[in-house]
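Some structures are shown below for you to check.
In what comes next, chain A is part of two complexes: it sits with chain B in the first one and with chain C in the second one.
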Partner chain A sequence: MKMNSINNPCPWHQHRLRRDLLKGAMITAAGWALPNWGALSHSRTIAAEAKRAGKRCIMLYMEGGVSQIDTFDMKPGRPTAGPFRPIHSTVSGIEVCEYLPRMARHTDKLAVIRSMKTKSVDHGIGGYHMHTCYPSSEKVPHAEIGAMIAKYCDNPESDLPSFVKMGPAGCNAGSGYLGPTYEPFTLDTDGRLPGFANPSVSQEVQDRRGKLLEFMEQQHAREHPARPFAAHREAELRTIRLMRARKAFDVADAWNKARDRYGNTPFGRGCFTALKLVEAGVPFIEIGHDGYDSHNDNFPVHKANLKVLDPAWSSLLEDLQDRGLLQDTLVVWTSEFGRTPAINGQGGRDHFGRAWTVVLAGGGIRGGQTYGASNRDGFEVADKPVDEGAYFATIYKAMGVDHRAVHYLGSRPIWATPDGSMPIPELIG
Partner chain B sequence: MDQPFANSRLMYSLPWNSAYITSLAFIGNYQVAAANKNGDILVWNLDVPEGKTPSPARRLVGHSNEINRILVTPDSMTLISVSSDHTVKYWDARSVEGEPGTVVLNDGFVPKGVTEKVDKVPEPPEPIQANVVIQRPLRDLRNHAEWIHGLAQTPDGKTLVTGDDDGVIIVWDLPGGRELRRWQATQWISSLGVSPDGKTVAASQHTPFIRFKSGLEEFVPHFHFWDVETGKSRKDLSKEIKEGMSAVRYSPDGRWLVAGHGNVQTEKDQGKILVIDPADGKKIREFPGHPVGTNDLAFHPDGKHLFSCGRDQQIKVWNLESGKLVRDFGKFADRGVWIGAIAISLDGRLLAAADRAGQVVVYSLNPF
Partner chain C sequence: MVSLSPRFYLTCLAVALLMPGWAQSEDRLLRRVIDRETQAVWADQKIAPPGRATDTVFLRRVYLDLVGMIPAYDETVAFLADNHPSKRELLIDKLLADPRHARQQAQVWDILLLGRSPNGIGHPNNRTRFRQWLGDQFQNNVPYDRFVQKLLTAEEDGSQLFYVVHRDADELAAATMRIFLGRQLQCAKCHNHPFEPWTQRDYYGMAGFFVRTYVKEGEQQDHVTRFFVAEKSTGDVSFTVVPKDAPPGFKGTPVKPKFLDGEELHEPALPQDFKEPESKGKTAPPPPLFSRRQKVVDWITSRENPFLAQAVVNRVWAQLLGRGLVHPADDFHSANAPSHPALLRVMQAEFVEHGFDLKWLIREMVNSNAYQAEDTGAVDDAMPKFYERARVRPLSAEEWLASLHLATGLGIESAVKSAPSGDMLKYLGQPTDGQGAFQGSLSEHLFLHNGDGFRGLCHPRNGNLPEQLVKSEEGWEAKVERMFLSILSRPPTAVERQQFVQYLNPEPSDAKVRSQRMEEAFWVLVTCSEFRFNR
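Presenting the complex of A and B:
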């Protein structure tokens, strides 16, 4: 449809673009050599809607590149198969690896996308792309998905961080153009706060110190209105708030009861901490699980990792469901890429982006299905290819976030997903 | 000065590019058996006229998953295999009886060049087919519930020991195939050996995470001497041996215990070969081994030399007394793939080695 008729000389989004460009230009002209931290009116509307929905997201990130053929897209009887065997799951037609026996009981909750076709097939660039939806080659400080969800789903009244990362993550883009407010709060893999977060002084003294600090910061800020200061001030404020909320991270007692189910590993504890943070209202938590980069010895390495993954992931889903939280909590299982179908001369599999698998579950997702397919030996997508844009758009849709939300870096508009990205309707519940 | 094995020469290259070969064993002096990832075992008769290349004679069919290790009993009557299908199988090592069948020797991937940019399996070459006798197992022991990598026997052929990825170690009456006792270790058994007197099992335990992080202390590699009678740890060498071992072997005379680093490649320096006093577990010496990882070890029947192979594509010979490298055989296959297994004939005159692309090579060993 042409958009340049007399009655409608150009489409609405072009109007918005011009207006927003103008606003950005005015800010820049006023001497603020700073990014516009996304505080546009339409963004606030999106955020209000997302917050009302109370959506949360937990991302389980398999750092190094997890093998699709050895997990959720098995090729039994084919030369690419490897030694793992498929087992039946609760959903007819969805088979999973024998070393995911507990996850096999939860496939009714899972949407398994077997047709990921992505472009960045090395760790740094792949991690960036699968965290931001954009290639790192653009040289723009894109925001990680965690920062975006933090922005639109955070509860401003909460003392807790809105974006928490635990363990290896494969990307350090952070909040990018969204600014320091949405920088990730990073913990070790097991989710424990560092020792200094457990102060020896009383709450009253901490509060007094906090107020004094705020006063001094405000005095200083009047004379030094620059981004580094804003970032520093933000960090200080977050620290004060965190000290008030630190008990949410103290899961030691509950962990003693849960660790046999989750597995007594840092990743298991990280998943349990994520559950507690979701209960406390944190909108986005990423837990890294590293050691999948198996160019050698792919099978023992994956087996060892799956034995850590399976109890942790399945227990997380069970507990979210038991608490009534799963319907509003999206659980994403992903990686920077998959691994080659062919097994190399070192018993390994290499990096592979042509046809691999991610799994979505819970909030906003229609479970019990596979979406797309790889071909017989797993070398190509045979049906319904999914690129980075569709993957991110689907997550944003499930979270109630506009996948075309626009923000500005100076006067430059940047969208949450690239032009043409669309959510996958079949996956949305 | 004599140069041991200086006149060794390559005799045969036996292609079996169906899948990577995991283990080798000689049956007597003139037959060699190879086991592969697909769960097949192929046996070649090497006693062929001068100028001829041996053809495979028998195919042992029965495993449904990767075979991890094979051995042949001292009387050369029985071949025993352990697999990721969780079974231990006995085979008649001598019989030539069986149903007629065929084997395609080159139906596997050629891994070289199959990278992210390759969009399909390479076109298969023209099949090379061989006529063989198909044989089935004599015994099928299903006492394990996980992948089995540990396999060893005593020199008198009476005791068999196996170990799996659940950390279960089982001692068997070898001739009867009867479980005598079992015990539980804490981690995967990557390799084990049994002392010639049958009283001690030396076992390496390792859960193969690529990177070891704090918080996973329970997965730290272990190395124990286990008392076969009680199933209790007699000696814990975990502080001295901190890596997973790909090969743990007692010399037939019980004088040496050797262990090769490297069942899984990590970022750490590894591949060393430890020579250990079997009596007290003390390290006698250390060979540099194979950078990145040692895959297999075999004692020469002369009792003086140890053969090793590894991820550096090399076969090396070490003098156990002097601790010196006697020779290396160079890279016999320029395929960028590991040499995964070696075996030496009973009379010490032949060496077989296999790479991970499926090729078996046989050397004539002239000790001097």
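Presenting the complex of A and C:
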């Protein structure tokens, strides 16, 4: 997409090229000291960039911990089953919850991993682990998956943010060691821009004062190389570009036609905005759907949530397919952990990491299958356990990102996934 | 008891021999220990000791840290013109005595205790009331152990919000351990602690002290709710076994309260046929027959409990110098060693010796060379590990807005009264990842570009500084000088002066153009990095 007016001579702040930043430039011609944020060698990055162009990822994040037994890994007839009934789907052998009737028509696109076995089973640490692939206890500023994909799948010519995050996500690690270029642009669940996104001054004023600001920043940067200053300057540059590209977020007219299908909810609107952003070339969008932490009243809570989830998620898949975008867009459905098979005294299910479910669909994924299994009552993985490393490696593989990409924090190497993490070949299509 | 390093004794001895009169003044000792210990680590690490921050850099830093706003123009001019050899020390004393200091401490502790956007506190006035209560404690310099005791006993009017936000036993046990004792016990909820000899039994033992505690709402006045932190006489926590072994409907085994250091609580048996009394209406509920909570509060705040002093000296150090000696400041465990162990031991011992006097502690830290280190140099870390360069921190939303009021000439009174809008809190309220790393957010910059509450302050009107400068007869260079001293607390450099004069008074121009340019120039100076951070 082309948001820039090519004939316009651009003032400094509008066209500090992201390419410059990708080079991990130490000092630019203007004298801005830019830190070498976890830089790779320049030629490799750019070459690889071109090849991967076009890959996108939308991550639907069920904040609080979604119950596998009440969605995609049902246990009919078992003491852990709960009251929800399974229904048939378009793929024989894959049954889903009765409150996901529209998703049941799309199981041919889905790879349902029923054998997630993860370690961090509280919200803060689980949210961190399922966003960065590492436990938070390491105290290393790991990068979120959104920042990693933004880095490798970004279109450097686009003015749009490369990592958009809507609603609650249970993790604020941000771009970590990848640096401020890939910090998320955060919005509410419905994807609306804040009221103050429209420029309040004329382009002339913006350019003029922008030059004076640049002068001040240059003076300051000479003696102050600390990262927070660089992050602040970088955010200012990105904001100028975002204001130019902001129309991509304006989906109001199209939403009026789509909202009956997506469900007239903030999450539905968020999913629809994600579709529009993918069309506009944004490589990673995360949408949080909150309220799954059902220690009490698991079933009414899940039933209400699934009624919001089902139309939004299924319409997103349909629209991506209709537009020919699904083959290049990976849609991930995930959470910080699952919920206990045992039902507690308050009719709730508690945090559970030993055998739970995530779902992948679209770009790079072989759909229409389940992978792995939990045991009869769902307390343990019975077949092909998948840990955080394998899960992230699979997503990175599907996105064409090297799951062992290495970056440096000072002289310390950090890999995108831990040593020994391997993509799951059966899931890659 | 704490053992002091031989180096500490030697340095004290040396100081005593060289400067007998000075060394006798015990109050002045800790800052020199800090100097000596940080210096020793720089030598060990082969790091060149940092130079001293210039007066302008020190001035802005110490105002933000101690009173939560930049200095007003007059304060800046007075300090820079002062030739007194101890002017920094005198300024520190002045700021510690300023009511704004208590206000600042209240803001810091309010966010620490409640978080930035807690649930369940109802009308914002409840939080304002809580901040007032905190402010009173700091204004009276209530000894820290007594402060914690009052906060956790929660009987004084306005003191209850900690319990309103942290409502269940799990949360209360974890939050009190983390905030007041610097220990992350919550890991032991689901599995035995990875680094410490704490088991799940210890976790549930601590939770047992809070399990009977609940909050009752009383009358409301001016949208301030009277909260009662109450306690029942019955109820136990249940230790839930791993789900694998749990039969359906099983609710776990009741666990008796147990102090973290191993002792089980002895509590009197309940009278036979005891029935929990009902608490009706909006009045204070009846007290329990035996208060478990009081027992754990006594244990936390006992002078026998070394964790209380250790955790707070480390926390205050982190508040002022960026990184805790143990970092993160609330995560003491055996695999997370302090960067300056001897210094931590001395600070802890001296703090107890000084009767848990927070103001004394802050005064000593702020008078140290490490605190007053220069802000320039090659290190790019926001919070250098060995304090070899002053830390860089973003202003909190409250500090930022109060500073804007001063920068635009609205005066100290206006700054003290300022309260960030919902948008300001949302878009500037959480600028870091929680570990101190600044995350430049696009929404923040969108707000700086276009947010109403922000732009209005730069617009010349109602006698604010932009308007005064537009109307004043003084020369352009003097105007630029006043702008820089007001906003950045320093005079402009020669090249800055030249750039701004040109910008403010372009050829050709008229009153309207000059007014417009004045607004733009203010916008630039309050938007740049130098204003966003403590330097």
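Throughout what follows, the second predicted complex is superposed on the first by the 355 of 429 C-alpha atoms of A that agree within 3 Å, B and C clash if a C-alpha of one lies under 4 Å from a C-alpha of the other, contacts with A are read in each partner's own complex, and residues count from 1 in each chain.
One rule holds in what follows: a residue touches a chain if its C-beta (ideal position, glycine included) is under 8 Å from a C-beta of that chain, and two chains touch if they have at least 3 such contacts.
Just so you know, these numbers come straight off a predicted model, no measurement behind them.
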Chain B versus chain C as contact partner of A:Gly291, first or second or both or neither: first
Chain B versus chain C as contact partner of A:Ala173, first or second or both or neither: second
A:Pro83 touches, of chain B and chain C: first, second, both or neither? first
Broader residue contact with chain A after superposition on the shared chain, chain B or chain C: C
Contacts of A:Gly64 with chain B and chain C, given as first, second, both or neither: first
Touched partner set for A:Glu183, first chain B, second chain C, both or neither: second
First (chain B), second (chain C), both or neither touched by A:Pro161: second
Partner chain in contact with A:Ala342 - chain B first, chain C second, else both or neither: both
Touching partner for A:Arg208 - first (chain B), second (chain C), both, neither: second
Touched partner set for A:Pro141, first chain B, second chain C, both or neither: second
Chain A positions touched by chain B in one structure and by chain C in the second: 79-80, 121, 340-345, 350-352, 379-380
Contacting residues of chain A [partner chain C, same complex]: 35, 79-80, 121-122, 137, 139, 141, 161, 172-176, 180, 183, 185-187, 193-194, 196-201, 205-206, 208-209, 212-213, 215-217, 219-221, 223-236, 238-239, 242-243, 340-345, 350-352, 379-380
Parts of chain C lying in touch with chain A, wherever the complex brings them together: 186, 189-190, 194, 240, 243-244, 246, 248-249, 251, 328, 375-376, 378-382, 389, 392-394, 423, 427, 430, 433-435, 437-447, 449-452, 455, 493, 495-496, 499-500, 503, 516, 520-521, 523-525, 527-530, 532-533, 535
Chain A-facing residues of chain B, complex: 19-20, 37, 65-66, 84, 108-109, 111-112, 114-116, 118-121, 147, 165, 188, 207-211, 213-216, 218, 263-265, 311, 335-338, 355-357
Complex contacts: residues of chain A adjacent to chain B: 64, 79-80, 83, 85, 121, 189-190, 264-266, 269, 290-294, 296-297, 300-301, 303-305, 340-347, 350-354, 377, 379-380
